[in-house]
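Notes follow the structure.
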Amino acid sequence: MDNMTPDTLPVTAVPPVPLTVEGASVLHQMVRLRRPAWRALEAATRAAIVAEAAAALGQWERFADGRQTAVYSLLGHKGDLLFAHFRRSFEELNRAELDLARLRLSDYLEPTTSYLSVVELGLYESTSKVYAGLTEKGIQPHSEEWDKAIEETLARQRTAMAPRLWPEIPPARYICFYPMDRRRGEQANWYRESMAERQRMMNEHGMIGRRYAGTVKQIITGSIGFDDWEWGVDLFAEDPLVFKRLIYEMRFDEVSAVYALFGTFYVGLRVPAAGLAGVLEA
Amino acid sequence: MDNMTPDTLPVTAVPPVPLTVEGASVLHQMVRLRRPAWRALEAATRAAIVAEAAAALGQWERFADGRQTAVYSLLGHKGDLLFAHFRRSFEELNRAELDLARLRLSDYLEPTTSYLSVVELGLYESTSKVYAGLTEKGIQPHSEEWDKAIEETLARQRTAMAPRLWPEIPPARYICFYPMDRRRGEQANWYRESMAERQRMMNEHGMIGRRYAGTVKQIITGSIGFDDWEWGVDLFAEDPLVFKRLIYEMRFDEVSAVYALFGTFYVGLRVPAAGLAGVLEA
Amino acid sequence: MDNMTPDTLPVTAVPPVPLTVEGASVLHQMVRLRRPAWRALEAATRAAIVAEAAAALGQWERFADGRQTAVYSLLGHKGDLLFAHFRRSFEELNRAELDLARLRLSDYLEPTTSYLSVVELGLYESTSKVYAGLTEKGIQPHSEEWDKAIEETLARQRTAMAPRLWPEIPPARYICFYPMDRRRGEQANWYRESMAERQRMMNEHGMIGRRYAGTVKQIITGSIGFDDWEWGVDLFAEDPLVFKRLIYEMRFDEVSAVYALFGTFYVGLRVPAAGLAGVLEA
Amino acid sequence: MDNMTPDTLPVTAVPPVPLTVEGASVLHQMVRLRRPAWRALEAATRAAIVAEAAAALGQWERFADGRQTAVYSLLGHKGDLLFAHFRRSFEELNRAELDLARLRLSDYLEPTTSYLSVVELGLYESTSKVYAGLTEKGIQPHSEEWDKAIEETLARQRTAMAPRLWPEIPPARYICFYPMDRRRGEQANWYRESMAERQRMMNEHGMIGRRYAGTVKQIITGSIGFDDWEWGVDLFAEDPLVFKRLIYEMRFDEVSAVYALFGTFYVGLRVPAAGLAGVLEA
Amino acid sequence: MDNMTPDTLPVTAVPPVPLTVEGASVLHQMVRLRRPAWRALEAATRAAIVAEAAAALGQWERFADGRQTAVYSLLGHKGDLLFAHFRRSFEELNRAELDLARLRLSDYLEPTTSYLSVVELGLYESTSKVYAGLTEKGIQPHSEEWDKAIEETLARQRTAMAPRLWPEIPPARYICFYPMDRRRGEQANWYRESMAERQRMMNEHGMIGRRYAGTVKQIITGSIGFDDWEWGVDLFAEDPLVFKRLIYEMRFDEVSAVYALFGTFYVGLRVPAAGLAGVLEA
């Protein structure tokens, strides 16, 4: 790493990075219930603790101004509960985390893992168009004019895509969450592919997703600079088999087969506030 | 990752993904017995707890409507007990997990790991035939006609293969469970091989398995989108040496030698409800 | 993974897998002493617990019918004690594990890791000869006649090699245990080498071992299908420096340099039953 | 490894290592609050403990003589608090660590991870110039004259760059910390690239950073020989989205795309001494 | 793995393994202080425990007959204290470990990691000479005459190098410890390089070390067969910056750039017996 601030070598090439617009700040918290301690409590104490938690969750689960928290009962040992917090900023996420920590229920929860990201929409197509347009007009990358045009494009997209940037959590019965990277291997390196090649592969990838639009909803979040993988993917469906079918089919498309690296998979069932007592039944 | 929904580039190539049919939802739970706390209990308390657990297990271990839970005593430090739950859905698995957690015995168990998957039968041969037939008739992939034909094929296979999709857990003395992936290396990448090549290699692989049919039963489960590996394999045998012989022989076939990546191996002995007191003897 | 049972493609090639014969079932258990709790006991209580454990160990450490357990004091944080159990079957190993767990001493031990395997003798040379002989006679691989000849060969070898298949644990002062794999890299892949090449490399490897025969004893165990590496290696010597010298020299032979992958190394000093009180002195 | 001290083979090639100057010693400590135990305390006790900690932090957070400690509330499970200590030496860091450990608050904190490094400024440009100048004069690398010239260069740079070597921690609302390596792959190996190539790539990398100068401050620390990655990067910004934008854009430049390997990412919000009570509210 | 003992294929090639001589047996123990429990003790109890530990350490820290133990206060979360034990044998190391475990202080320490190795001097130059001499005389490798000559060479070296084989721990203020491997990659494989090539690279590597001789002392220990890396490196210096400078410079030499793989780095400050109370101050 170097701190030099060279005064030479003006970079005028068209940037290789696709534009993105961002929306909700998202924190996934996976926790385990310390069941022996929980069961050791008197039934009345447990009931009071559940009532407090259900009341708080009842407020958080309502979607308002892009803010919402959904709870899921996870399958397997990776955690008992998953809290998916969507907020307006990281500061609000921090507050959500602290609010949860202050519930009496939290004395019986221990964190297993978490994931921090923001809703992100990649704009490969718009990027290519706007870059091409600016280049045609002879506008230099990173010039004032260039930056202004880019900012205008982003502003337009943020407005047009607001409902997808600040989404309500789909009310589906099942969630599937996993983080992923684009490979930077010694031979296969996503970040060395041309914009056109990347756009082509993302197009092909998107075609598959479209065929599943009726049965699975997805929210893509970006986490470069925030967490240990580049993206987090949330899938929502009434039938969990579609998670397998969709991801298996995609595994054969070029961008996934060659460039996708996957982290840990979490699968859970939605638990509304009213159902919290059920999953916490001792 | 990109959220684009491109309107161009119709994909008309024959899909590279083999068809699969799915059956029972499966959860493997590996747990450790907190033996010092367990032994610190009065003998009468332990006996009551074991009786409660054995009664529950007695019900769960009976195979009915594709539902069944088998318990194994694991060898080594990876866990003391393995619960293999087979159910009709993930929702039922979630309930099985919670039911187990509510046994008093669970206060003395701690999860070490788990695995979530569904019984899966891959249909390389049928896939090739049905794709070829549709292509011959000039039917476009993903057209309404195409999808209808595929759905009919799957429905037929689900009926024909029902006994293997909703299997009774083989009553063998030993279990061997491990998860696995197909390699997506920079040079050797299963997902870039043609359907014909994959089918050829799977055929060769299957030939070996057939020779062991009399001494080992296997249940293959798919876990793409559900857990951290692509497949889970359960082998059942009276003599554990056949696990080694079978897997060693397969390691030399092309699909395993070049493309198989293996996770953690678990070996255990079947514990019927009536034998639970034995393995929990303090 | 595919469950197909193809009816075509008869495999008639000479199998690439070398024959092996197997003997004792082996479990290595590494445990840590919870010393603060142990030291908090009254001296008389400790003495009684040690006496119980020493009496049990006294029985287990005697070699009889291929059954024996040896205890080692491990160096470093990987564990305080190593129990090496040799038994007639996995069922007996399971019982050994439970018998150890029921000693009062076990309330003060916690498992750190373990390794499950069976004594294995690879038969590269015999395999080549018997395969060549059968091929010459025009006998088809996996035909009834072929299988019968193979079984006879294995039976002969099991008898001839019985003392090495059911070995007494060498009484040496030091043990070195480690698991290992043969590499299945994208370029260097042991399982894609011809039988002749593998035999040549194993021969060269064996030549080195022979020169150390006077100072180090080794027991090779196979663990494909049983644990997370393919083989476990136990070395026994009076002087631990020979472990380093032998393994360093072997690291330069082709089979190790190119194809060997090593797991965790454990080094310990033999603790006879009579010495148990010494290492457990608070 | 070899301890030989050969007397031959004089090395006269121009050294491939760029010069660096170093400043503050830096320790990042990530800790988790043991919240159940903390909440179990009486409110008055907690208040007294917070007061003690806030008083200490109040002193440490003031920048004086290159010494300063800043506290952050971390997002997610990787820790609840991050202490970033900047000191004059490792000995002072050791004292800072012990001083923190002696606060009563520390009884309720447990370390999750940490990172040890020193502020480092790489001098690719100066290095090339000074090496070229010395070579032109025919001065032999590592000769007395050479070493004297190098030391003078370093001394000049240390003076000129003192404010960046002994920085005040930027008062921004957000921190992003992550460690990183330069790849030493079998094909792509940073340490086998020529000085000129490395300088060219670092230049290009620096150009991107310069465009973000107004919105993000960075402090690069070197950790070769100190911790498990080669560098630690601290980014400071009012808007955390710029972390993502900067790092995503850089991921496409050659030095990052081909040679950068990234560790764990930590994101937190600055907590001034006066705000400590807030994040510790039970 | 194969247990064959082939009777053919005499190996007559000159061995590729360099000779080494070995000295002190070394165990590094990294431990964490359970500070909350430690601080909960009465001051007088703590003082008594520290006095006991300081008295023991006072004895162990004196260098006598190649035996010595030094204590360091570690920076960061990897441990609070590092005990570096140098002894005459592994048996003595085992005793040192048990002696430390029996101090009352150990009830408040928990092991985080450790490293087991022996002081090793590699003899690339001598090896080449002695092998060349024997080959010239027509002496067959591994013949009786050959082995006798090798043993004489080693004996001479052990005598000549005794002070470096049984070293006193340098009294420097700082220690840096890390384990390392020589790469056995699919393309770059140290163990497939010729002796001459390895000697050339080690020579170049040694030249760098020599220039740091005045400011840093190093002790190389070998751990093949003993622990999970091939070598352990201890560096000792008054100024920790020289650790970074030395290792960074070496990272560019061929043997490190291409073949070195590094484990975890530990940095600590020497704590003499008289200073133990200081670092344990509650």
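Which chain is which? They are A, B, C, D and E, in the order written, and residues in each are numbered from 1.
Note that in this section a residue touches a chain if its C-beta (ideal position, glycine included) is under 8 Å from a C-beta of that chain, and two chains touch if they have at least 3 such contacts.
Everything numeric in this text was worked out from a predicted model, so none of it was measured.
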{"item": "Shortest path length from chain A to chain D (each step joins two touching chains)", "value": "1"}
{"item": "Co-neighbours of chain D and chain C - touch as defined", "value": "E"}
{"item": "Copies chain C and chain E touch via same or different residues, half shared test", "value": "different"}
{"item": "Gap in Å, rounded to a whole number, between the CA centres of chain D and chain B", "value": "46"}
{"item": "Euclidean distance of C-alpha centroids - chain B vs chain C, Å", "value": "28"}
{"item": "Multi-partner residues of chain A (at least 2 other chains)", "value": "186-187, 222"}
{"item": "Direction chain C, origin chain B - full chain order round the ring", "value": "B, C, E, D, A"}
{"item": "Of chain C, residues touching chain E in the complex", "value": "18, 35-36, 39, 73, 75-78, 120-125, 164, 173-174, 176, 178, 180, 185-188, 202-211, 220, 222, 231, 233, 235, 240-241, 243-244, 246-249, 251-252, 256-258, 260, 264-265, 267, 269, 279, 281-282"}
{"item": "Touching residues on chain E, where the partner in the complex is chain C", "value": "1-6, 8-9, 11, 15-17, 20, 22, 27, 29-30, 90-91, 93-94, 97-98, 101-102, 106-107, 111-116, 118, 142, 184, 186-187, 189, 191-192, 222-228"}
